[in-house]
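Step one of this worksheet: look at the structure below.
Lettered A, B, C and D in written order, each chain numbered from 1.
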Amino acid sequence: MLTAQWLYGISACLILALGLRATLLHTSLLRRIIAINIMGTGVFMMLVIIAYRGPDAVPDPVPHALVLTGIVVAVSATALALALLRRLNTEKADD
Amino acid sequence: MIDLFSSIFMLSGIIFFLAGSIGLLRLPDLYSRLHALTKADNLGLGLLLVGLALHMQQPLFALKLLLIWLAVLAAGSASAHLIAQHARRQEADQ
Amino acid sequence: MSEVLFVCVGGLMLSLLLGLVRVLRGPEAGDRMLAIQLIGTTGVGLLMLLSLLLNMSALIDVALILALLAAVAAAAFTGQQREPEND
Amino acid sequence: MNIISLYLVDILLVISLLSLAWASLTTADARRSVILFMAFGLVLALVWARLLAPDVALAEAAIGAGLSGALLLAAIGEQPGSSINVNTDHSEDVQDSNRSVVVTWTITGLCAALAIILAWTLLQTFDNVNNKATAQAVSENLTDSGVSNPVTAVLLNFRAYDTLLELAVLLSAVLGIFSLGGIRSPYQLAGPVFDGLARWLVPVLMLTAGYLLWVGAHAPGGAFQAGATLAAAAVVLRLAGHHNIGLPQGKSLHIIMTIGVGLFLLVGLSMLALGRSFLDYPPALAGTLILVIETAAMISIAATLVLAFLGGRPQMQKHKPC
C-alpha cells in the first residue's frame, strides 16, 4: 500500500465523519448545508484516492469522472437547499 | 548556467513569499498585513515563475506563466483594495 | 536542480501553513479573506512546481483558474446587496 | 528526492484540510464558517492536483473555491438580522445549545465508529489487485471515443447516461429554485476599483471558458469546468451591480436552460434512429458530436449556476439597460 493511499484514505473518512456529526448536531440549517458539503467532499476524496495508483502511474479515469459529476450535482443541490432555506425564512418573517 | 539563474530566481521568490506570510502573521492589524502581503507574494510569485519559465521547453507555456502572473498581480491588488474598503466600511458601521 | 525544487516546495508549504494560521485565527473576516488570497497565490506557485515535479502540464491551467477565481471570491466577499426596494 | 517532497506536501495538505474542515464546522459564526469553507475548497483543489486528478482540480478551483462561496455568502447576506451586524448573531448557531450532552456524545461516538469502519473497508480495497478493470477498459477503447482525454471520454461517451441525467438534475434544480421565490435584490453599483477589476476579469473568464471547452477533448477541461468559469463571469457582473449580466429573457432563457439536456437527448435518439443503440456514437463522428454536446452542456451548466446565484427567475426588464 502506498503512503498517500492510507494518509488520504483515512483523512477522507475523518472528513466524512466530521461532516456527518456537524450535520446532525447543528440547529442552524445554513450550517447543516455547509456540513453536508464537507461530508460530500469526504466521499469525493475516497473515490479519487481509489483511482490513485502512485506518483508515476496513470490514475483510473472512471472515479474522476464520477467525482466531476458529483461536484456539479452537489453545487446545484446546495443552490436548491439555499433557495428552500430562503423561502423558509420569508415564511417565518411573514408570520 | 540556466540552472543557476533559475535557481537564484526561484529561491529569492520563495524568500519574498515567506516574508509576506510572516508579515501576514506577525503584523498587528489588517491594514499593515495587507501592505506586507500584496507586495511580497506578488513579487515572490513573479520571481518563482521567471525561474520556472527558464525550464519550460515550449515558449507557449512560458507565455501562459506570464499571463497567470499578470492575472494574479491585477487580481491581487484589486482584491486587497476591496478587502480594505470592506474593513473600513465595517468599522464605520460600528 | 531537483534539490532547488524541493526547497521551493518546502518554502511554499510553509507559507501556506502561515496563511492557514491566519485564516484560523482571524480575528476579523477581512483578515481571513486576506489570508485566503495568500493561500491562493501560494497555491498558484505550488501548482506550477507540482506541474514540473509530477510532469503534468495541465496543472498550469488549474493555476490559472485558481488565480482568476480568487478574485471572484474576494468580489463575492465584498459585494454589498442593495436594500430591497419594495418590501 | 521527489518522493520525500511529496510526503511533505501530503502531510501538510492533509493537516490544512482537516483543520479547516474542523474550524468551518465548529465555529460559532455562520459567516466565518463560510469563509473557512472557501479556504477549505482552495486547499482541496491543491489536493486533487496532487492526487493526479487535474480535471477534478479544475472543477474544484472554479466551483469549490469560487462559486459555492459566492452562493453561500449571498445566502448569508440575506439571513434575518444579518444586515446590521453579522457577528452578533451567535445565538442561532451554537450547535449544542439545546441538546443534552448524552445526545452529543452518542452522535460523536457513532460518527467515530463509522469513520473507523469506513477506513478499514477502504484500506482493504487498496490491497485488492483486481480493481484495475475499469481503467483498462477505458484505455483499450479510448481510440474509438473521439477524444483523447480519458475523463472526457468516460463522461461524454462511455458513461454518457450519467452526464445526460446529471444535466436533467441541474435543470430540475433550477425549476425548483424558480418555484421557491423571486430573484435576490441586486448589488450596489461598484466603485472604480471593482469596476476596473470586472472590466478585465469578465472577458478573461469568458475566454478561459472557451479555452477549457476546447482543450477538454485532449487535456483536462471540458463542459463542467468551462460552464463554471463562464458562470463566474456573470457572477462578477452581478456583484458589480449590473442588471444586464448576459442572461436572455423569456423564451431564450428557457432555451439555454434546456439546450444541454435537449441536444444530448436528440443526439442519443438519432443514434437510435440510425440503427445503433442509444448514445452509441459512430467512432468517426464521435469527436464532433462530443464537442457539440459539450458546448450545449456548457451553456446549460453556466445558466444553471448563474440562475442559482440570482436565486430565482429574472424579471422582464422594464427599462432599457444603460
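The working rule: a residue touches a chain if its C-beta (ideal position, glycine included) is under 8 Å from a C-beta of that chain, and two chains touch if they have at least 3 such contacts.
What you are looking at is a predicted structure, and each value in this text was computed from that prediction instead of being measured.
Enquirer: Based on C-beta pairs in contact, work out which chain pair has the most and send it over.
Expert: By number of C-beta pairs in contact, the leading chain pair is A-D.
Enquirer: Distance from the CA centroid of subunit A to that of subunit C, rounded to the nearest Å?
Expert: Between these chains, centre-to-centre, one finds 20 Å.
Enquirer: Could you please state the distance in Å, as a whole number, between where the Cα atoms of subunit B are centred and where those of subunit C are centred?
Expert: Result: the chain centres lie 10 Å from each other.
Enquirer: Counting only Cα atoms for the centres, state how far subunit B is from subunit D in Å.
Expert: Distance between chain centres: 27 Å.
Enquirer: Give me the residues of subunit C that touch two or more other chains.
Expert: 5, 29, 33, 35, 54, 57, 64, 68, 70-71, 75, 77-78, 80
Enquirer: Tell me, which residues of subunit A touch at least two other chains?
Expert: 55, in rising order.
Enquirer: Tell me, which residues of subunit B touch at least two other chains?
Expert: Within subunit B, the residues that touch at least two other chains are 71, 75, 78-79, 82, 85.
Enquirer: Give the pairs of chains that touch; include all such pairs.
Expert: A-D, B-C, B-D, C-D
Enquirer: Within the complex, which stretch of subunit D touches subunit B?
Expert: Going by the criterion above, the answer is residues 84-85, 191, 193-194, 196-197, 200-201, 204.
Enquirer: Which residues of subunit A touch subunit D in the complex?
Expert: Counting only subunit A, the residues touching subunit D are 1-22, 24-28, 30-31, 33-35, 37-38, 41, 44-46, 48-52, 55, 58-62, 64-69, 71-73, 75-80, 82-87, 89-90, 92-93.
Enquirer: Mind pulling up the subunit B residues that touch subunit D in the complex?
Expert: Its residues touching subunit D are 71, 74-75, 78-79, 81-82, 85, 93-94.
Enquirer: Which of the residues in subunit D come into contact with subunit C in the complex?
Expert: Listed in rising order, the residues are 1-2, 4-6, 8-9, 12, 15-16, 19-20, 23, 31-32, 35-36, 38-39, 42-43, 45-46, 49-50, 52, 54, 57-58, 61-62, 65-67, 69-70, 73-74, 77-78, 83, 86, 184-188, 194, 197-198, 201, 204-205, 208, 212, 215, 219-221, 225, 229, 232, 235-236, 239-240.
Enquirer: Taking the touch rule as given, give the residues of subunit C at its contact with subunit B in the complex, in rising order.
Expert: 1, 4-5, 7-8, 11-12, 14-15, 18-19, 21-22, 28-31, 33-35, 37-38, 41-42, 44-45, 48-49, 52, 57, 60, 63-64, 67-68, 70-71, 74-75, 77-78, 80
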